[in-house]
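Dropping a structure here in structure tokens format, bear with me for questions.
Naming follows writing order (A, B, C and D), and every chain is counted from residue 1.
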Amino acid sequence: MSDLLDSIGARSWFLGDNANRTIGVGQLAALCHELVSSRGEASGVRLAAEILRGFRSLSDTDAKRFFQMLADEFTPDQAALSDAAAAFLDTPDAETLARLQHHAEAPRQELFRRLNLAPGGTAELVTLRERLLPLLKADRKRYGPVDADLCHLFQSWFNRGFLLLRPIDWNTPASILEKIIRYEAVHAIGNWDELRQRLAPPDRRCFAFFHPSIPDDPLIFVEVALTAEIPVSIASVLDPQRTALSPQDAQTAVFYSISNCHKGLAGVSFGSFLIKQVAQDLKDAVPNLRTFVTLSPVPGFAGWLAALPPATIDRLEAPEKRAIEIVGEPGWAGDPAKAEAARAGLLSLGARYFLRARRPRGGPVDPVARFHLGNGAMLNRIMHLGDISPGGLAQAHGLMVNYLYDLPRVEQRHEAYAADGDIAASRAVTSLLPKRGEVNSMKDVA
Amino acid sequence: MSDLLDSIGARSWFLGDNANRTIGVGQLAALCHELVSSRGEASGVRLAAEILRGFRSLSDTDAKRFFQMLADEFTPDQAALSDAAAAFLDTPDAETLARLQHHAEAPRQELFRRLNLAPGGTAELVTLRERLLPLLKADRKRYGPVDADLCHLFQSWFNRGFLLLRPIDWNTPASILEKIIRYEAVHAIGNWDELRQRLAPPDRRCFAFFHPSIPDDPLIFVEVALTAEIPVSIASVLDPQRTALSPQDAQTAVFYSISNCHKGLAGVSFGSFLIKQVAQDLKDAVPNLRTFVTLSPVPGFAGWLAALPPATIDRLEAPEKRAIEIVGEPGWAGDPAKAEAARAGLLSLGARYFLRARRPRGGPVDPVARFHLGNGAMLNRIMHLGDISPGGLAQAHGLMVNYLYDLPRVEQRHEAYAADGDIAASRAVTSLLPKRGEVNSMKDVA
Amino acid sequence: MSDLLDSIGARSWFLGDNANRTIGVGQLAALCHELVSSRGEASGVRLAAEILRGFRSLSDTDAKRFFQMLADEFTPDQAALSDAAAAFLDTPDAETLARLQHHAEAPRQELFRRLNLAPGGTAELVTLRERLLPLLKADRKRYGPVDADLCHLFQSWFNRGFLLLRPIDWNTPASILEKIIRYEAVHAIGNWDELRQRLAPPDRRCFAFFHPSIPDDPLIFVEVALTAEIPVSIASVLDPQRTALSPQDAQTAVFYSISNCHKGLAGVSFGSFLIKQVAQDLKDAVPNLRTFVTLSPVPGFAGWLAALPPATIDRLEAPEKRAIEIVGEPGWAGDPAKAEAARAGLLSLGARYFLRARRPRGGPVDPVARFHLGNGAMLNRIMHLGDISPGGLAQAHGLMVNYLYDLPRVEQRHEAYAADGDIAASRAVTSLLPKRGEVNSMKDVA
Amino acid sequence: MSDLLDSIGARSWFLGDNANRTIGVGQLAALCHELVSSRGEASGVRLAAEILRGFRSLSDTDAKRFFQMLADEFTPDQAALSDAAAAFLDTPDAETLARLQHHAEAPRQELFRRLNLAPGGTAELVTLRERLLPLLKADRKRYGPVDADLCHLFQSWFNRGFLLLRPIDWNTPASILEKIIRYEAVHAIGNWDELRQRLAPPDRRCFAFFHPSIPDDPLIFVEVALTAEIPVSIASVLDPQRTALSPQDAQTAVFYSISNCHKGLAGVSFGSFLIKQVAQDLKDAVPNLRTFVTLSPVPGFAGWLAALPPATIDRLEAPEKRAIEIVGEPGWAGDPAKAEAARAGLLSLGARYFLRARRPRGGPVDPVARFHLGNGAMLNRIMHLGDISPGGLAQAHGLMVNYLYDLPRVEQRHEAYAADGDIAASRAVTSLLPKRGEVNSMKDVA
């Protein structure tokens, strides 16, 4: 249908000086069809730039119409695909397979590849997907295929083999550093002085992955503290008064914050590569480092605890019940006596949460745990009062944890987790589980 | 089946210090299966590096077995695909389509994407395809699908949006310049002095596309001479005695050599983008430039002429027949009288060759013509004695041509050529066609 | 005498791990003598580093003693110099001249040159002079020669031919940007957001001179606003709410802040070169720029006015007297009626201040005026309420001025000012002078 | 006098488009005076560029007149200097000293400093001195003071603290590499393939000093071979057939060629710094390196031997006399028997040459020996048939030597050499001296 749209209008729109004119979805559709046609070969760069510029100026309503257009008009040709499927079923050979593959791929993929011809196109396509994701939640059936095609392409384009690992430090351009402030998702960076505290001291490191086509905007970054011991709280890591450690005296690298930068790259995973690469590089640069751990939040703990049914709570140990009462009292974490009284129970509940609680499909409840355990890390320690910021208390009653990256064992642990769901945990963690009671009842509890 | 191979052997092979040991195809197959398994997620970088290192050391016989393995073991699962095809035919909706797409994609694609995790993986995969191409000619049915998957990936990875255009000049690192010498495919560069002649003078330019993951190896490059007039022969362009022109006095940019650097990227086209981008950039940098033309060989002319049937030759014009006789005499080009006597006939035959001769499917016979006309260029001039080097005489009896890139009209000409097979040619060229005789008979001739 | 000092102590000090030990002035003196000896040739880099490290750790009292040592022990040998002077007087020829020159140069110069061998030595020597300058004020006779030698060397080393002009923008490393904040001497930059306002918008520019041996620390920088008209106040330039102008629409480049960064380079002048170079570069990059002016403070106006003797004030014009009364009233600048009532008188007094008032030796009273007029600029306009910040009111009762850099006339104006003391001023300025009264009496006034 | 020259002519010359016009020495003189005047402050960059451009175009005759002008017109004012000298003799204090210093400095120095304002001025001044040096030999009295001023400035400007050490390798721009070919002064580089042999293999290194203002032209460079043992001949080092050594297997770094690049920097010494810095950097980068030696020519040996008086030769040992006879026979080095027969005598004579022969003022005769011994190196070994190229035979009858840089002992050896003339030599060398005969007589011999 869009073939019938006023493609003359579309054409006149991008010729001449009309940077400030808006464009309709119909015109954009015509341009998209032109871009994937043979005509697009000769003028792809310009057409792609026009389409992306036009998309950027669309209202949310029009953007939705644009995505509907992508879903409807750039889907595989059903008749041709059906024919190809039938032919393959009839005679499955290399030729019918190739034809089937050809018709199965949505024309959107070629459209997206050609949109990438525009200067800055890669970043624009990431932004395009960022606008698609909210629609996806509302109507996965309609927008899912569009997203699947984008995601498939991003998996290929943002292949780790293409990414550049770069240090972020106080010599990094301010234009990138302000993005670090903006993107930090775990422990907010309030201002440039706080940023400087995280980048400039000799015992601090930060690394980011960049894509060569988006050189001024990181994809993901990790902040690292070099310390003597594994720290017991985030406050001690971020303390602006602390004395910086000489790297030669450090034995531990603490990954205390990992942030993805672009919603439009959701589902394209770099985190595992980043942590392992940074650990390896740090090991090479600072040979005295022995231990590589995270200092991680426990985002699901408070919610999980709140959702335990009364019957389950009844069956908990006494210190656990006591802890549940205490954390319900305002200001408990600032009261040393109360905080101490809650310790044993919270740690015990934390151990249940990590080691026993399961999602319906079987993995651990905690999303951060799933990420690190899936990477082959081991749950190393649960820390009481690890994060007593309002956010830390609200989501985890102050608990934080370490995941240990023991590089020689990462692969084996990854496999055990992936194949059998094994949760690698240190004795320090497993010993927190209540001694009494049977496993069954505990499973029941968590 | 390869699941049953001695994966322990494969494993022990790459652990430990075995850089010099060879590896069998069976072991490589096991490693490839491991790489695409969930296990590969944790140790992909290392596995990929091992596989590529192993492949590099394979003999040609073993490399062939490796590609057979890729063809056989990493093809879509026929049963699953058949099921998915049947389900789609039964109920064509988003879900069955997604399933069909999933099963239609050969697992090779994921394998190749993961091989790219290795440092230098992108370049290695290009080399891998270079070893595949000779096999492809011998058995397209077997190896075609493997090649199609590689090619599909390369189309995506080497998207022009990811390429970097860089000037190549006398300040370029020697390690890159020696590759320019090696890759030059049109007019050979004999030594570093000749290279300097093409790069250092102020009226010479060279530009190359690079991929960010292969930063020290160009993909394609073009050599440009800035001149006052359109030159009439390659010798005048490459004359080491010529006086360099000040760029301010140049009105013409002559693209006199374009070379693809990697056989493994055959079919992944960058040439059109390169020429247009370079023309645009030159126009911005040297505003007095008015004309952008190639100085191109005519590789198919002599072969076409030799293959004309006697009956056709009979019907040619007298000067044409005379020219055919002359070019059969050794040394004719060095004899001014003979050369002059052949002029009219050769130019007339050249015009027939470009404007009338057609391949079975309809395009022009000359491959260089197909490339430039397909880019939207116009055949601007045919030059007698344009290239009197042995190669130039052997392939084209000395003819060379210009293709004119008239940027504002490139798009329109591309479309006319793509849609209708229109061959854009200047009056200077069309007027070379013999005046007498009807079009039909001429078509017949060529 | 220092030859007799414990040079063994000095030696043992810098061998071995004594980075934290302090060093005495006597030991430093011994090291300095060693550095200029033949011994210093073999181990100059190390010795220089040790001396500079030692100097850095000196208390102010010891630093003073160190400079005294330099003054006393590294001065020309008086006997040898007297001999050479006598020989020259006796027979003035090339030989006696060379000998005289040799003995006239203080050994300090060679010492300083060799101290520069240390990594980072250039920057350290600048810092060394920074510590010398306060002493110089107290005892010019003693420390003047030391300073003269340093200054002589810096004039040579920081020759404009060696300096690098670099843009400072939002892509500049944060480690340099924080120095811009710190060094800004005219209109303070309160925080990073204010810095961003001065660097990131498309109508803002900043440029700095760097020395290649001090690559991460600017020597001097200038901030520029691209505007349509010459602005009438600094507030309008720095207004965070203003809409940025597209550079293509700018006709005026306003140099609104110039800051020297290092006290240790006092007297080594780069400002003139910087302004002219930046003006030239901006003209090339933004061809539509027509006018290059400063927006400058008037640091001496209020002090000059306050020091006018009563008899002189008596002879002023009525509006001038009225203005003097008004600016004595707190809050006048915020009261539109009062501010307007003071306008004519302040501008008239400003014109007297610039055009009539003279220092004892003849130049204008205002130091900023001396700098720009000496560069060949013209006093273009005096602006009432140009800077109503507390500082602007305190030093200049709100006056600001423009100096116009008319590049083709800069040389001629520089000469007229240097040779004859001519103060180039526009009619807009000269017409502010009171019409009545003779020149003599006015001179008397100012 | 030059004040009276046609400065209007000079002025008109450089205004307007006259890049191709020549300029007279009189006009250049006028421009030089203008440059050092106050006028020069405003237009120094342009004036300096004009003068240097004009100088470049001078014929040798005119260049000589130009240097005469510098000698005559930019020398200290004799009257003022005499006054200052008298005043200092009368009252030697800080003030009269400062005045004396001021008038003792030739105005040439300020002229040269201001010439450096021109873009590329530093390199031009080096070239200017290159043209001065031949004149200096002919008339040191006249041109010596001009040269002394240039040299004094260069000592300051090319201070090691300002120099950049950069690796030269196969990734270096060709524009720099062609200079390496041109400047190589010890073992000529015949073509780019030979250059590649010296730069690309993993066991080869090359480093150069650059000045930041001359970034594309090295000042001095050293070529290094990483080897297992100390090589016995230059041919073995440069053998194109040799197998490259892995750096991890190297224990020795051989500095086999050091070349100064600019005659205009004669007397400004960087070589010592270069060798020591490179040795230090190599030690850090390749920790398994144990020994740092040169492989050096013996340029003065054959000349010294030829000049020995007959009486001295009479008193030599028999093998020495035999060797003198043999090296007089053409082709001896290619005849194994003769070469072997000459060995003992040549080595013995070599030992005398290095250890006993002295210049009138006392240093060793060999200039390369003076350089390395002055740097604190030790004469480590004398090698028979070390360089049997025509040049090597002509200057040294095939001898080559190693100088050992034992970094911890370099300083001490430098001092012993500088203070006492001690020639550090290994036992392998000293043991080559004839056993019989007293020291006195040997001294006599050499």
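We take it that contacts are C-beta pairs under 8 Å (C-beta built on N, C-alpha and C of every residue); 3 or more make two chains touch, one makes a residue touch a chain.
Keep in mind that this is a model prediction, so the values were computed, not measured.
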Labels of chains that are neighbours to chain C and to chain D: none
Remotest chain, chain C as reference, centres from CA atoms: B
Distance from chain D to chain A - Cα centre to Cα centre, in angstrom: 61
Inter-chain centre distance, chain A versus chain C - centres from mean C-alpha coordinates, in Å: 51
Separation of chain A from chain B, taking each centre as the mean of its C-alpha atoms, in whole Å: 40
Residues within chain C bordering two or more other chains: none
All touching chain pairs, where touch follows the definition stated at the start: A-B, A-C, B-D, C-D
Chain D contact footprint on chain B (complex, rising order): 170-175, 177-178, 191-192, 196, 199-200, 216
Chain D contact footprint on chain C (complex, rising order): 38-39, 41-45, 75-76, 78, 81-82, 85-86, 88-89, 92, 94, 97-98, 100-101, 104-106, 113, 116-118, 121-122, 141-142, 144-145, 148, 153, 155-157, 159-162, 164, 212-213, 272-273, 276, 375-376, 410-411, 414-415, 418-419
